[in-house]
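Before I ask anything, here is the structure I am working with.
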């Protein structure tokens, strides 16, 4: 992890990052239940999942996969960008304990800020895939980013 | 936690739930960094936050607050509803270590499913407030819910 | 979780609550060893359990099952009641990693406090069952509870 | 930690063990809430404790103190003894985050098993004290222990 | 755990301690990744380990095995000794999730301190073995220890 | 985190990497005690540290600082290099709860492997500094690295 300044003009639509994989473990799910207080049987009760819900086994919390996937895309620290939210988070398929996910992040939009000329917005689509190649989660990560022109004194 | 069947017709726009409070601790942030792999200095480096970033101290991960807030609204298990995503997650203000959050969840929309007549959709706006009464996070939690009429055999 | 005032007169012998299930995982046992410092081979050494102790595998700490079972019965916050202890905790059968437990809590006694007329005592028997229907743990949870008559000004 | 065989005849009433101290931290309480699912505001909501409950701050879960105290007394592994329960667990005073506890364990009773002549019972009173010298918790830990005479062939 | 004073003259070359076993679990590895921020695929990605790296499965972090092994040898608290480092830490074989390790610690050198006559040095070789009897890790643990003669007033 | 092939010829003595900072928290120490089973009062008993040991407060485990420091230097995954051990780990000063550490890693030696001509060794000195600029830990991290010449077919 390092600090790298990157300004709006340096983001390009279509740019793609891909992460290595991560196996979602029983321990991850236990820790996430403990962190969130969500002990729903979908995540915590193997018997219920198999015998009553007709699932192949326990499934990970949606917020666990969101958290891990966003964390996996956290690369360099960019002091010029600030994450301000997510749009269109969709749980496409369940993630079972033992599944291995990988994440792809693609810049899908770079625009001016609607009201502040020294800023812009970058939208990055985050797509999470399991070991079978199925998409399990998608979301759009939203950033506000300083423009490079700032440093040249035109706006600041 | 208990299992309570609740059908689309039993949700009403304007219905509000409010949780008790929860203090976001240093331990929560350490555990969330460990779960996500996001060790950005905003969350992990007290010296950097205060001396370089001009913050009052370390701040919680956005995904931690999303995860805890959604977890705090997890009440009864409803076999007739399925969470399928979130919309418009916005980080309004930072949550500092030691802040105490409460969550309000309000049903803001109940509609038919666009293509499947036996289903409907419920949108619940989740608003997270700190101990000063400031909103720190908002999002819309999306559910697909079975219609009651199912059980009477008209659609199924 | 919500705050619900409940006074002594509102508890009745024979009242029963039943929880959903929870699978006791390897992660739970590892975390409990870490919390308590109890790294006895019964919980931490798979080889020893199977080859030397003649067990089917590692077993959960007794205090883990007590803690989880009591936690699973924590429902509404009742400001009129205070937990002051447990009686007759008995480990009836071992809980193995991967077992799924459910808990039943039954009010078995409601009495006046021996010395303070504005208070009473509620005893709740907590019984923990595994996925085979075997009782693995039982205990009696002890509460001191305010009488309703307080509010009417007769005692307070 | 080592394996030491100790038979019933080798336990004596009045024998006392004393542990070193352990500070009960915020992290312990967060982890215990996560393990048990008990997120009551007494343990998790600093604002509520101080402003509404009139407490000096958050307090540890009763089951946390039981678990840690029993764990602190876990010394040698004795294959001749089996812990089968606890009696008279009483929460005498609250333990606040940051308090430091020590534990004293005293053998208070050594008796024959009521029905099996090759076994006996050992009762050990466990007393937990905070840094002010106040007792915060007491319980009696119950063991079934093999008699030494077994090895000499009289009973076995 | 107890406090036992032990002086340099009371350590002898050849003295050996052996621990009980401990199974290295998936939860241990997940927690260690979370503590260190090392999410390398060797530890976290089951698919990569098996399909790309030709391993039998995920392997534990080297620093996890060092930490656990040293922790397993932490017996009595000796106020006369201070651990000041380790030499020649070597990862001889990988430790896989589910392996059970035991540790042997042998005093291999007791010498005077090169510059301070009231102190000496004790070197303890720590050897970690898996359930197949293979050495997986070795290191030398270094202590500075007070001499007994101190107490008799000759040096102090 | 990404996969980057780097061969022996591409390492140079004097090359330096510096990490961002990380605050060592009470939660880190609690989790490390839980992972290792080392509950020595130096790490766990605030009262003992201050009143009996004359310390400013609890101090982090040596193995915690080793683990975190090595983890902080884990950057790209290099399939051509394998970490095989550490030399000369020295605990120079204690790390207190709340201290913020940074790590510097410098290549101090690049040599041929003594017996295998297709391999070499890289030694990296890891130096850990606290927020006052004091060195608290140093060690040498040892790698075996493939030579580039391998790929050209001269050795392989």
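For reference, chains read A, B, C, D, E and F in written order, and residue numbers begin at 1 within each chain.
Just so we're on the same page, a residue touches a chain if its C-beta (ideal position, glycine included) is under 8 Å from a C-beta of that chain, and two chains touch if they have at least 3 such contacts.
Because the structure is predicted, anything quoted here is derived from the model rather than measured.
Asker: If you take the chains that touch chain B and keep only those that also touch chain F, what is left?
Answerer: In this structure, the chains that contact chain F and also chain B are A, C, D, E.
Asker: Would you mind checking the shortest number of contact hops between chain C and chain E?
Answerer: Contact-graph shortest path, chain C to chain E, evaluates to 1.
Asker: Compare the contact pairs of B-F with each of A-D, C-E or C-D and report the one sharing over half of them by residue number.
Answerer: Matching more than half of the contact pairs of B-F: C-E.
Asker: Centre to centre, using CA atoms, which chain is the farthest one from chain D?
Answerer: The most remote chain is A.
Asker: Once you find the CA centre of chain A and the CA centre of chain F, what distance in Å lies between them?
Answerer: 29
Asker: Could you state the distance in Å from the CA-based centre of chain E to that of chain F?
Answerer: 16
Asker: What whole-Å value do you get for the distance between chain A and chain C if each is reduced to the mean of its CA atoms?
Answerer: Roughly 38 Å separates the two chain centres.
Asker: Two-or-more-chain contact residues of chain A, please, as numbers and ranges.
Answerer: 1, 20, 25-28, 30-31, 34-35, 37, 39, 41, 77
Asker: Treating touching as the only link between chains, describe the layout with one word: line, ring, star, complete or other.
Answerer: Shape of the chain contacts: complete, all pairs touching.
Asker: Along chain A, where are the residues that touch chain B in the complex?
Answerer: Interface residues on chain A, with respect to chain B: 1, 28, 31-32, 35-41, 61-64, 66-68, 70-72, 74, 77, 83-91.
Asker: Under the definition above, what is the set of chain C residues touching chain A in their complex?
Answerer: Residues in contact with chain A: 20-23, 25-28, 30-31, 98, 100, 131.
Asker: Which part of chain A faces chain D closely enough to touch in the complex?
Answerer: 31, 33-35, 37, 39
Asker: Within their complex, state which residues of chain E touch chain D.
Answerer: 1-3, 19-20, 77
Asker: Which residues of chain C touch chain E in their complex?
Answerer: My answer: residues 25-27, 30-31, 34, 39, 41, 44-48, 58.
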